[in-house]
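The next part holds the structures, each set out as structure tokens.
You will see two complexes here that share chain A, one where it goes with chain B and one where it goes with chain C.
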Partner chain A sequence: MTVNDGIDVVRNWILSRHPERARIGPDEDLVRTRLVDSLSFVELVYVIENATGAEIDFDTIDLKDFQSLSAIQRAFFTTA
Partner chain B sequence: MTAPGRIGIDMVPFTRVRALLGGGLLAGRMLSADERRLLLDGDEPDVPGIAGRLAAKEAVFKLFHATGETVPWQGIEILRAESGAPWVRLSGRAAALARGAGIGSVSVSITHDEPCAVAVALTAPDSEERSAP
Partner chain C sequence: MRGHPGVNDSRDRFQHVLDRLSTKAVDDYYNPYRLLEWPDSLPDDMWWMSPELTTTHGTAVAAGLSEAQLRALSKYESLNFYSLNVHGIRDLLIEVTRRIHTSGYEEPSRFFHHFIGEENEHMWFFAEFCLRYGGRIYRQQPAGERAAPQRKETESLLVFVRILVFEELVDHFNSLMARDTRLHDTVRAINRIHHQDESRHIAFGRELVGLLFEDVRRTADEGELDAVAAYVRRYMTYSFESLYNPRVYRDAGLDDPLGVRRKLLDSPERAELERSVFHRTRTYLERTGLLR
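Right, the complex of A and B next:
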């Protein structure tokens, strides 16, 4: 899976839960806009884990890494 | 010192629980072993009971006023006293957040009726702190 494929999986998963939305801006705040709430956050982490193949420790999560699609891309889908 | 007069409330639709059950995330990430024994050991998962507990966990989390933190789902356990009343056990990061907020102990009340469950959490004075009933 390429870097772009990974963030596309995340974007498409969020859009699938919000049929009223056609797009999500890269810097749009996912929590503040209620695209992701506390229950769906658990699912979001799971989607990212599946896309990256790496487990995310819930107790050491930095919420800033999940604030927007661009933040998720930087934190989880950027190759060194 | 106990923070005075904090209250938290939350609501969880049964449909959200059914969706989470399909993904297997409830057992793995959101419910403790003791909660799983209460809620998942029957022929069918106790959807209203799960919705009530998830609502109670979020209501308790709101007492901490923990901006920038994720809900420590497994560290906030909503268990059942012999009387049938729910009681709260905090551990790990949840217990640390409670200490940081000056919260000694917590009481919760849960109600559920299709299509959702609602829970309210209240801080309790230290003098009323309860151990496992």
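Right, the complex of A and C next:
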């Protein structure tokens, strides 16, 4: 899975839960716009894990890494 | 949780229940560190939890697996279930400890001591089981902010509703597995002991939630009560879905673990299991008016 494929999977997952939305801006705040809330957050983590193949430790999560699609891309889909 | 005119009957009843449950907690007191027996290992090929309680039971996913695979899956599902207990208990201990002997909690504080002591012991034996036989405790999303900011009364109500929903969820499994003769004695024992204590905690939780809801209902408008009901409904679904952990399916060797979770969550068997697990809880919450 390429870097772009990975973030596309995340974007598509969010859009599938919000049929009223056609697109999500890369810097749009996912929490403030309620695209992701505390009860759907765990599913978002699983979606990212599935796309990257690496387990995310809930105990060391930094919420800033999940604030927007661009933040998710930087934290989980950018190769060094 | 302050007194208000017209609710003396409820408060008398609460006091009576607290007395009864505190006495029973003293009478039933046990030492879990001595009571439980821990074999060095448990057979990998046994049923680790009742097959009917596993998330794949009766589903198309299960139809594609051998009995050996289903038994292996039951091991990881049981570890996930006990891990949920560990994390749920830690969250509720934080919330109860935050409130014990503070203003408004003068009455229940005496029972809180039993509650905190017993819950700490439950957390110990569930963690011991996971670490001894599985080598890990599955991590879970921390409690964090699970509801939009609320006024103090509503926040406390939602805290104790969350605790009650969690306790009723796990007790459904505990009570059935405690009686399941297909399961190993050690598995049955931890479920039996937990069920014995949780029965008291649930009775207490229902009384406390009832009183807290009376306080909220007296001062809330219809919009706030609708929002509370919607949140509780979502929280019940969220709790139930935590049983469907893709990390479990991965560890059991299933392909596409997230796809398995999605298939299972969308299956008719899931709806039936959720209905059966929360039958009593839903009836109680509807009777109080919390679910509308």
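Here is the rule we go by: the second predicted complex is superposed on the first by the 80 of 80 C-alpha atoms of A that agree within 3 Å, B and C clash if a C-alpha of one lies under 4 Å from a C-alpha of the other, contacts with A are read in each partner's own complex, and residues count from 1 in each chain.
Please note the rule applied: a residue touches a chain if its C-beta (ideal position, glycine included) is under 8 Å from a C-beta of that chain, and two chains touch if they have at least 3 such contacts.
Since the model is a prediction, treat every value here as computed from it, not as a measurement.
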item	value
Partner chain in contact with A:S38 - chain B first, chain C second, else both or neither	both
Touched partner set for A:D57, first chain B, second chain C, both or neither	second
Chain B versus chain C as contact partner of A:E20, first or second or both or neither	neither
Partner chain(s) touched by A:E49 [first = chain B, second = chain C, both, neither]	second
On chain A, positions contacted by chain B and by chain C	38-39, 41-42, 45-46, 58-59, 61
Chain A - residues contacting chain B, complex	38-39, 41-43, 45-46, 58-59, 61, 63-64
Residues of chain B that touch chain A when the two form their complex	12, 16, 20, 23, 25, 29-30, 54, 58, 61, 68-73, 92-93
In the complex with chain C, residue positions of chain A that touch it	38-39, 41-42, 45-47, 49-50, 55, 57-59, 61
Footprint of chain A on chain C - complex, ascending	139-142, 144-147, 234-235, 238, 242, 246-247, 257-258, 261
